[in-house]
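In the two complexes below, chain A is the common chain; its partner is chain B in one and chain C in the other.
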Partner chain A sequence: MELLAYAAFFLTVAMTYATICLGLNVQWGQTGLFNVGVAAFVGLGAYVSAILTTPEAPGRLGGLGLPIAAGWVGAALAGGVLALLVGALTIRLRSDYLAIATFGVAVALQLVFQNAEPLTGGAFGIGFIPRPFGGLQRQALPFAALNLALTVALVLILYLALERLAQSPWGRALRAVREDETAAESLGKSPLRLRLEAFVLGGMVMALAGAVQAHFIGFIAPANYLPALTFQVWAMLILGGSGNNRGAILGAVVVWAIWAATAALIAHLVPAGEQARASSLQLVAIGVILCAVLLWRPQGLLPERRAVPRHLGRP
Partner chain B sequence: MDRSAGQEAAPVLSARGLSKSYGGNRVVSDLSLDLPPGGMLGLIGPNGAGKTTLFNLLAGAVRPDGGAILLVGRDVTAQPPRARLRAGLGRSFQIARPFARMTVLENVMTAAQAQTGESALAALLRPARVRSEERAHAARAREILDFVSLSQLEGEPASVLSGGQRKLLELARVLMAEPRVILLDEPGAGVNPALLDLIADRIQAINARGVAVLLIEHNMELVARLCPRVIVMAAGRLLAEGPPSEVTARADVIEVYLEGMPA
Partner chain C sequence: MTPQLLVNGLVAGTTIGLGAIGLSLTYSILRFANFTQGDLIAWGAYLTLTVASAIAGLLAGLAPATPLAPFSFGWTLPVALLAGMALTVLLALALDAVLFARLRARGADAIILVMAGFGASMALRAGLEFIYTSAPAYFTHELQIARPLGLGMRATPDQLLVLGLTAVLVLALHLLVTRTATGRAMRAVSENPALAAVYGLDVARVVRVTWIIGAGLACVAGVMSGLLVQIRPTMGFDLLLPLFAATILGGIGSIPGAMVGGLVIGLSEALAVQLLGAEWRAAAAFVVLVAVLILRPSGLFGRGA
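Presenting the complex of A and B:
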């Protein structure tokens, strides 16, 4: 019973990471946009949704008490706006500028979470974020199962939509821009427009994922949105298979499993006083696995598909 | 194709006094040319003469410092490459630029113009229409791949193609956009003799269908075979113009070619 509830909890969190990963796959996997500020989009989504949906609290702005769905929509829109701003500022979104800009935005936004106390609760963050099916919270298993069903449904819907986009002429044009911008332009594509669209769509998905995660856990703090999160998500996408939406989901589950397993291991083996420091070993473990993948299977577990789609098969 | 009639019609592509400098170095200098509809014009000249830069100016990849470009009588000097392609101007690259991690078929289909499914919203919300367009585009892309003898490779990533096959793929891609003028930058460079013959033959067939061709090529045999007229560029300027046999016999043309050679 308890084990089942734990499994459901584990998978629900994995599904929220899978969602972030799907967003990064649109940006990097399909379009080659080097976003090293994933944490900014996830964090923004979490805070926006928390501010929109939490009940009023003394001494804190926001707390609008809106329904959870409104928080999710608001989060996705905020992620889109942030992507649009970053994209417009780094005009051509070329890899080096974009990397610097997104990293800078992630650092800056994390400082905002940390210091804009009246809005974000400062270092303590925001608690009492309404949880989906919160009325069932005392019954561990149904609560966990329903939340799992909700996040799986979300991942499935996103997967189907993003897969349809990836197979469409739009997705093909994104890949063309990724492969050779000059050639794509000579064939009538607008690299600027396509990059911006992919960056905004990916940003919206990541922010939505941040909101879903925040509502499932119930509280957020600035320490959740450090560069380590960005690193984790990149490891997930690379391990799973950059350019493949199924790979993005699989990578999220596998890396999250490794993360959870190393956490459990540290809890068993390391004395209580040292555990905080030992937890950085988790990042080391992910890093080692990432290096192994890059060396022996750089295309990831499920490589990008490069075949003629079935519906275009020769008659 | 009656070329003499073509000569009298208004040119499909003209350059008027084009100039371009890179850091004080005049690479293209006050250059003018006219390409008649359905015509085939060779562009020759030693390495570094500015031929590729001229193509970049004509196609819109690079902005000129001065001069104008007219496409079917319309001034397109300020327009980006995609607007010029829409108006009928396509190009290939001296060093082929395949989309390496995409299939050969995808490479060609990418070049179809006015695709409904290139809007993300339409791709999501109008799948039936996008799908039927895709079928039509796939059929046409396959005809073109047949035409350039790449059908067998349609499902392979473009990264596996040989140098000559890449040139053929460039040709296929630009044809998919249904241009009325194509700029071909050394389609024969680095291609083995068997494929070279095929490429020459295909260029001739494209031209016979009424597509005007401006052809940069170093292989003079190929130029003489394909082009009734050539222009010679040297140091960014137009040096000579006329039938290939006459032009290559001129002392000044021989001299600029010899200058480009090591002594």
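Presenting the complex of A and C:
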């Protein structure tokens, strides 16, 4: 019983990571845009949704008490606006400027989460975020199962929609821009516009994922959105297989499983005083996995399926 | 702007400038934004600290560890700094051999190298936390009194030493790049690596020299920052955004540009601390970065993005 509820909890969190990975895959896998500010987009979604949906609290702005769905929509819109601003600023420039700018956005938003106390609650964060099926909270198993069903449904809908989009003329043009910008441009496609659209779409999905995660946990704080989150999500996508939506989901589940298992091991085996130290080894492993995959299996566990028959494509 | 703000900004800016020179050189010659530069700074500080403690341990009882007046540290620190620089260079060369050189040989896109550096930076930083824990460390526990400089400005002897040493290093490096054959080869590779190789330049050697300069300066920057503030595993990662902002502001590949960029970032941080409070310090680099990207993406001394 308890184990089942834990399994459902584990998978629900994994599904929220899978959603982030799906968003990142639109930016990186389909378009080749390197976003180093994943934590900023996820955190923005979480905070926007929390501010929209939490009940009024003294001394804090927001607390509008709107329904959860409104929070999700607001989060996605906010993520889209942030992506539009960052993208408009850097996509016309050299490719690594986007990486640097998104890194800067992550630093800046982390400061806002930490310090804009009247809006974000400062270091203590925001609590009492309404949870889906919150009425069932006392019955662990149905509550966990329903939340799992909700996140699985969300991942499934996003997966089908993004697959559909990748097969559409828009998705084909996007890959054409990624593979050979000059050729795509000569066919009348606007690379800048396509890239910007993909960046905005990905940003919306990531912010939505942040909102879903915040509502499932019920509590957010700036420490949830440190750069370590960005590294985790990148390891998930690169290990799973960038460019492949199923790879993105698989990578999220696998890396989250490794992360949760090693965290449990550390909690059981390592004395309390040394636990912080031992968990830094987890982060070393994340970094090493990322580099190792890039070196030895750049296509990841599930490689991108070729849209063009092999004999027509480049070698 | 009070005169004291000027001193604080310039001192912080020298650390950023030295780190940014290394970043700018790797950026223009190896052609990728190296996210590990910040962590090389932190590793440089810790490696120097380890050597300094080892020397102190070996000599315990033989020679009393008196500070070199008027500075706060004894002679072990300059010696340890040289060893620390050598070790940081070895670390950077090892990282290049294991990771970046292999990706380059495969003909990987620049953005893949950026990503690999990003992953390596996480491993490097968390590695420091594992070895040294996240508790701050110090080169010295001596207290220093800030001395008046006139116009209401005060600075400690350590701070003045850092300013002077930085000026010497930047001048030496500028002469190396503009006046020597090695410097010409570096500029040639940065312009066009294929052409430089055809012309008979040893591109692998240029790459090596670039890492040596970049990592050596990173170590100096780390030790300076560690001496004036403190040593933490995240000290380099926290410097990364200022480093990138300074590099882009100065124009990628420009040594004077990186130094000027570093000083501008240092001064804007000091200004942000005074106007908004210390908790918003890190926002200054972000604001400068956005302004440069909007107004002049090629930077002050750049050749065009």
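Following the convention adopted for this analysis, the second predicted complex is superposed on the first by the 300 of 315 C-alpha atoms of A that agree within 3 Å, B and C clash if a C-alpha of one lies under 4 Å from a C-alpha of the other, contacts with A are read in each partner's own complex, and residues count from 1 in each chain.
Everything that follows uses one rule, which is that contacts are C-beta pairs under 8 Å (C-beta built on N, C-alpha and C of every residue); 3 or more make two chains touch, one makes a residue touch a chain.
Quantities reported herein were computed from a predicted structural model and do not represent experimental measurements.
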{"item": "Superposed partners chain B and chain C on chain A - clash or fit", "value": "fit"}
{"item": "Contacts of A:Q275 with chain B and chain C, given as first, second, both or neither", "value": "neither"}
{"item": "First (chain B), second (chain C), both or neither touched by A:A184", "value": "first"}
{"item": "Contacts of A:P227 with chain B and chain C, given as first, second, both or neither", "value": "second"}
{"item": "Which of chain B and chain C A:Q137 touches, first, second, both or neither", "value": "neither"}
{"item": "Chain B versus chain C as contact partner of A:P298, first or second or both or neither", "value": "second"}
{"item": "Touched partner set for A:V288, first chain B, second chain C, both or neither", "value": "second"}
{"item": "Inter-centroid angle chain B-chain A-chain C after superposition on A [Cα, multiple of 10°]", "value": "80"}
{"item": "Touched partner set for A:L201, first chain B, second chain C, both or neither", "value": "first"}
{"item": "Which superposed partner A:Q114 touches (first chain B, second chain C, both, neither)", "value": "second"}
{"item": "Which partner reaches more residues of chain A (counting touched residues only), chain B or chain C", "value": "C"}
{"item": "Lowest C-alpha to C-alpha distance for chain C against chain B (Å)", "value": "11"}
{"item": "Interface residues of chain A shared between complexes with chain B and chain C", "value": "none"}
{"item": "Residue ranges of chain B in contact with chain A within the complex", "value": "59, 61, 80-82, 85-86, 90-91, 93, 97-103, 105-106, 109-113, 115-120, 123-124, 127, 130-131, 133-135, 138, 142, 154-155, 157, 173-174, 177"}
{"item": "Partner chain B, residues of chain A touching it in the complex", "value": "161, 164-165, 168-173, 175-176, 179-180, 182-190, 197, 201, 243, 304, 306-308, 311-312, 314"}
{"item": "Contact set on chain A toward chain C in their complex", "value": "32, 34, 36, 89-90, 93-97, 99-101, 103-105, 107-108, 111, 114-115, 227-228, 231, 234-235, 238, 276-278, 280-284, 286-291, 294-295, 298"}
{"item": "Chain C residues touching chain A - in the complex, by the definition given at the top", "value": "32-33, 35, 99, 102-103, 108, 110-112, 114-116, 118-127, 129-130, 133-134, 237, 240-241, 244-245, 248, 279-280, 282-283, 285-286, 289-290, 293-294, 297, 305"}
